[in-house]
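Both complexes shown next keep chain A, but they swap its partner, so chain B is in the first and chain C is in the second.
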Partner chain A sequence: MNENALKELLYKIADDQLILGHRNSEWTGMGPLLEEDIAFSSMAQDKIGQSYAIYTILHSLGEQDPDTIAFTRNANQFHNSILTELPNGEYDFSLIRHFLYDTAEIIRFEMLTHSSYTPLAELAIKIRAELKYHTLHANTWIKQLGSATEESIERLQKSLDYAMPYALGIFEESPYEAEIIKSGIFAGEKALYETWKQNIEAVIDQTRLHLADWSLLKPVLGGRLGNHSDHLQPLLDEMSEVFRIDPSAEW
Partner chain B sequence: MNSLDPRVKRLPSTGIVGQVEPKAPLDQFGTFEVFVQPREGKPFQHEGIVHAPNLEMAFVLAKEAFTRRFTCTSIYVADTRDVYVSPMTEGNENVFQLIPETPSQPGEKESYEIYQLPKRGKQHIHIGAVMASNPTEAMSEAKVKFQSDKVVYNIWAIPTTSIRFTNPEEKELWLTLPEKKFRDASDYKGGDKLKEFLERSTTTLRS
Partner chain C sequence: MANPYSIDQIYSWLEEVKDPEIPVLSLVDLGVITRVEVTGEEVKIEMTPTFVGCPAMDLMKQEVLDVLNNNGVKKAEVIISFKEPWNSDKISEKGRQALKQFGLAPPPSGKNLFTDLDVLEHAQCPRCNGNHTELRSPFGPTLCRSIHYCLDCREAFEQFKPL
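Right, the complex of A and B next:
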């Protein structure tokens, strides 16, 4: 097994979880209603917990410890998709991103339950139930607001149109894609994308939202290779503020 | 009144002199009652309410609002408007004495879930189900089936079909919860850390 290929895969999954977990946690205390504030914050916490689990696997492969990995890298060393680093803006955008991203996330981990790399397969089996709630939450909101009022439909549609090219960036292929697939670690971004498209369509079809023609969309790529938007570095600065002041701080 | 503060926007309008209007309903979601089963084999108990636009959303929101920290095996929710309540008693008065035994009513019967309040100020606990053609009959059937020497203070009846239960395939939603110690304030050992900090600062001050 090519260890660099495996590490690249682990980094991109963990970085996605950490960055989106942090973004979503920015809603804590400001959610649109108390119950949703709690639910969204809990799921953000789950994502950060999942990133920790994967950074721990990376640590066992000789990388630095999870805190160092999470808090001391610069933006160009992160492999998350650009979708996950975009600022929150309005709640409609956060919900759409949650829906687009978490739909891909649950399929990815479902595929990883069959991974030839045992630690990853075991983790995927373990967190399956968490992800199930995340997609139940996302799908229920999208079905609800996607068929509720003119305003809710219009706002979700606008966010959907805006987020979609970024969402396609989730599936940006790794330089090691062929090796990863051949070694049975992960069945690859193309396979993930095909299932994702079907699942997205299945939910959107139950709403008054519409999807643009897939073939006309231009994916926003680069995140997986460390080419990020201007939004990532400020996020990292804020996330690592305490760590940078006192790396030994415990809380 | 125009203001960027949402609280100001929610202030009632001042109205027009000489005009009488019906009170405007609150611009808020309705409430749903949340029941939690703490362990397999234990009865469901009432934990509180969530606000939600419908039953399904209530289920989704109740999961984190009420089972974020404490382990459980299952939850369910019902619209508050589907919960029928008996009178409330206190002291040694058993509420079943206040429920009349009504003769069996005509019409199609449906299942009602029955809950009792064993202690004032505590939660309602599920005790079983009865078949009845309306809520009054459900209360009467509950009396026949569940009345005992033990004093209970209040009875609830909810039509079974109006409840959003946890599906069998959703039972795994709580599997990883016992590991999420970071959601418990006690896991951060704040007291110990504060003590250490104070000791450290005192030592520094003395030296």
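Right, the complex of A and C next:
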């Protein structure tokens, strides 16, 4: 097994969870409803915890300790998709991003339960179960608001159209894609993308929202290779500021 | 040489360590102690978190070490492992009773929980035992609780989430 290929996979999954976890945590005290406030805070706690469990695997492979990995790298060393780093914006964008992202992640972890790399397969069983609650939450609200008032439908539609090219960036292939698939570590981004598309369509079909023609969409790529938007570095600075003040701060 | 501590003895010591969020529930009944191994003077314990992001994990790990040390174990080690991932069916019958007395609905048991989250819609009210309830939010005040409402008692309650 090529260890760099494995590490690259672990970094991108963990970085996605860490960055979106921190974006979710920005809803604490700001949610449109107290319940939503709690939901986004809980999902933040789950995601940050999950990223740490994956950084712990990386540490066992010779990388630095989880706190150092999480808080001392610069933007160009992060492998998260650009979708996860975008500012929260209005609630409807956060909800759409949550739906597009978590639908992909639960399939990814489902696929990883079959990984030939045992520590990842074991952890994936656990994370997949937890993510059920995240997709349940996303699907419930998308179905509800996507069929509610003209205004809520129009706002969600706008966010959906805006977010979709970024969402396609989740599936940007790794330089090691062929090796990862061949070694049985992960069945690959293409397989993930195909299942994701079907699941997204299945939910959107139950609403008054509509999807653009897939073949006309242009994915926003680069995140997986460290080429990020201008939004990532300020977020990292903020995260590491808390870390520098109190390196033992609990997340 | 015989081991100075028996596995049963260690489990009975661990009964003293409670879930910090639910002080009536021991870690043993919660089902997070997945392995106890005694080799000579050395005790090795494997634990697994209920939820990966559980913030109480470090505290629980420390309390397990303290209990072992207080009982005279000189060499103790606690490892966090996902080899046997926790799920809510790992809570013992005694643990389920303790949850209920604490006012928390125990998680519904069954093998199909991963695929069927509809069970959340009709949680059993810990006050009246009725199922005339509705889900308010799958996310509660801690990672392992959801929020429900009993239409008969006309009061909200929390459930230990099925996982």
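In this text, the second predicted complex is superposed on the first by the 244 of 251 C-alpha atoms of A that agree within 3 Å, B and C clash if a C-alpha of one lies under 4 Å from a C-alpha of the other, contacts with A are read in each partner's own complex, and residues count from 1 in each chain.
Quick note on the criterion: a residue touches a chain if its C-beta (ideal position, glycine included) is under 8 Å from a C-beta of that chain, and two chains touch if they have at least 3 such contacts.
Just so you know, these numbers come straight off a predicted model, no measurement behind them.
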Fit or clash between chain C and chain B when superposed on chain A: clash
Partner chain in contact with A:35 - chain B first, chain C second, else both or neither: both
Partner chain in contact with A:242 - chain B first, chain C second, else both or neither: neither
Chain B versus chain C as contact partner of A:212, first or second or both or neither: neither
First, second, both or neither for A:53, with chain B first and chain C second: second
Partner chain(s) touched by A:178 [first = chain B, second = chain C, both, neither]: neither
Which superposed partner A:119 touches (first chain B, second chain C, both, neither): second
Which superposed partner A:144 touches (first chain B, second chain C, both, neither): first
Set intersection of chain A contacts, chain C complex versus chain B complex: 35, 38-39, 42-43, 45, 49, 126-130, 132-133, 136-137, 250-251
Complex interface listing, chain A residues touching chain C: 35, 38-39, 41-43, 45-50, 52-53, 119, 122-123, 125-130, 132-133, 136-137, 250-251
In the complex with chain A, residue positions of chain C that touch it: 51-55, 58, 82-83, 85-87, 114, 117, 120, 136-141, 143, 147, 161, 163
Touch list for chain A against partner chain B, complex: 33-36, 38-39, 42-43, 45, 49, 126-130, 132-133, 136-137, 140-141, 144, 148, 250-251
Interfacial residue positions of chain B with respect to chain A in the complex: 29, 50-54, 56-57, 60-65, 68, 170, 172-176, 180, 182-183, 188, 193
